[in-house]
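Both of the next two complexes hold subunit A, though its partner changes from subunit B to subunit C.
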Partner chain A sequence: MNTFFLVIGIGLCVLVFFVLYRVVFGPGVFNRIAAISAIGTKTLIIILIMGIIYNRIDMFVDISMVYALLNFIGTLAAAKYLEIGGEKL
Partner chain B sequence: MIRKTDDIIIRTVARILVPFIQIYALYVIMHGHYSPGGGFQGGVILGASIVLLLITHGLVETKKKIPEKAIALFSSMGVFIYAGIGVLCLLLFGNFLDYGKLSVILNIPPAAARAMGILGVEIGVSITVMAVMISIFTSISTAEDHSKYDKEH
Partner chain C sequence: MNTASIIAALFIILFTVGGLFFFTTSTIGLLRFPDFFTRLHATGKGDTLAVLFSLIGIGIYEGLSLTGFKILLIAVFMFLAQPTATHAISKAGMRYGLQPWKKEDSRK
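Our next item is the complex of A and B:
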């Protein structure tokens, strides 16, 4: 069962790099924000899979919840910043 | 960044989410001995809940809920709790932050007094971290000139 989660975790790590391409080269700022949000979601799942592999899932759930929360607030702040226009605040 | 948004979805979601974030922050502070977390992390989550309120409801509305004087008071009150517990241990003929001596005041065995002392210190840390996070955010986003934003509303 552990190998199963290990393979899924490595697969998600590889998928992060595909999304990273969209962050670096993506046309426009909105593609970049959406891609950063997607990377945050993938990181959350990777943290949970690490928790299953280390047999400490009760600890890692706390960390992943904080990560999801800060990802949400960060995406919202970036979207708000762009809505008004960078210079005017 | 600090103005009110017009989007009703974002405003409603933020308003519903803020109390749950704060409950979770209290869990992180109180449960810090057994799981990841503690005073600083819980304080950051508490600060994040107020930052969420700031970016969705604007500076003016958030100031009504948490005035800036209260933020300044909180940021020094946490340090006072931290240092106060330490000095209290000094007054009870122990070392600085020697929680075991608190058992005389709390009327519990020294091991339990240590747990309570650490919890009190973590609460102080979290209050200070929360207040400093909010004040850093407001200072950066308004460029330390709040008067301009007060006039617009």
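Our next item is the complex of A and C:
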């Protein structure tokens, strides 16, 4: 079962590199924020799978929960900043 | 390996591979769609479903314990938070003045 989760984690890591294209080359700041939010969502699952592989999921699940909260709050803060009217980026 | 554990392993593989599949489709949508709002349409819904599937798979693997309860809590939170974040960023883009993609733009 560990090998199966390892394969799933490697697949998610490859997907993160594909999304990184949109972060680097995406036209405008909004595409970059959306892509970073997608990367954070994938990282949440990668952290849990790392916990399964290391047999310490009771510790990693707390890190994953904090990661989900910070990802959500970061996206909301960037959205509110640009909505109120940041500089034209 | 008794029957119950084989059935549990089957469900774990089903849900986790389903989650990986929906992550892949949302990534393809994010890379291939023509403008910002359609890209959000792909990631907002695809990632929500993928996170839900993956967390259900890992939760079945973990079983009934405090950790399993926390994973369920993350699933409920992501199910609420992901559409909210998508809506907020899409409204900010609309107020900022991004133009939605039209069919004529592709014929240039």
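Keep this in mind: the second predicted complex is superposed on the first by the 86 of 89 C-alpha atoms of A that agree within 3 Å, B and C clash if a C-alpha of one lies under 4 Å from a C-alpha of the other, contacts with A are read in each partner's own complex, and residues count from 1 in each chain.
Heads up, the rule we're going with is that contacts are C-beta pairs under 8 Å (C-beta built on N, C-alpha and C of every residue); 3 or more make two chains touch, one makes a residue touch a chain.
Computed from a predicted model, the values in this text were never measured in an experiment.
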First (subunit B), second (subunit C), both or neither touched by A:Ile49: second
Greater subunit A contact set [subunit C / subunit B]: C
Partner chain(s) touched by A:Gly28 [first = subunit B, second = subunit C, both, neither]: second
Which of subunit B and subunit C A:Met65 touches, first, second, both or neither: both
Contacts of A:Leu76 with subunit B and subunit C, given as first, second, both or neither: both
Subunit B versus subunit C as contact partner of A:Cys13, first or second or both or neither: neither
Footprint overlap on subunit A, where subunit B in one structure and subunit C in the other make contact: 58, 62, 65, 69, 76, 80, 83
Residues of subunit A that touch subunit B when the two form their complex: 58-59, 62-63, 65-66, 69-70, 73, 76-77, 80-81, 83-84, 89
Subunit A partner contacts - residues on subunit B that touch it in the complex: 1-3, 5, 10, 14, 21, 24, 28, 35-37, 41, 45, 48, 51-52, 55-56, 141-143
In the complex, subunit A residues that touch subunit C: 1, 4-5, 8, 11-12, 15, 18-19, 21-22, 28, 30-31, 33-35, 37-38, 41-42, 44-45, 48-49, 52, 57-58, 61-62, 64-65, 68-69, 72, 75-76, 78-80, 82-83
Of all residues in subunit C, those that touch subunit A in their complex: 9, 12-13, 16-17, 19-20, 23-24, 26-27, 30-31, 36, 39-40, 43, 47, 50-51, 54-55, 58, 61-62, 66-67, 70-71, 73-74, 77-78, 81-82, 84-85, 88-89, 91-93, 95-96, 98
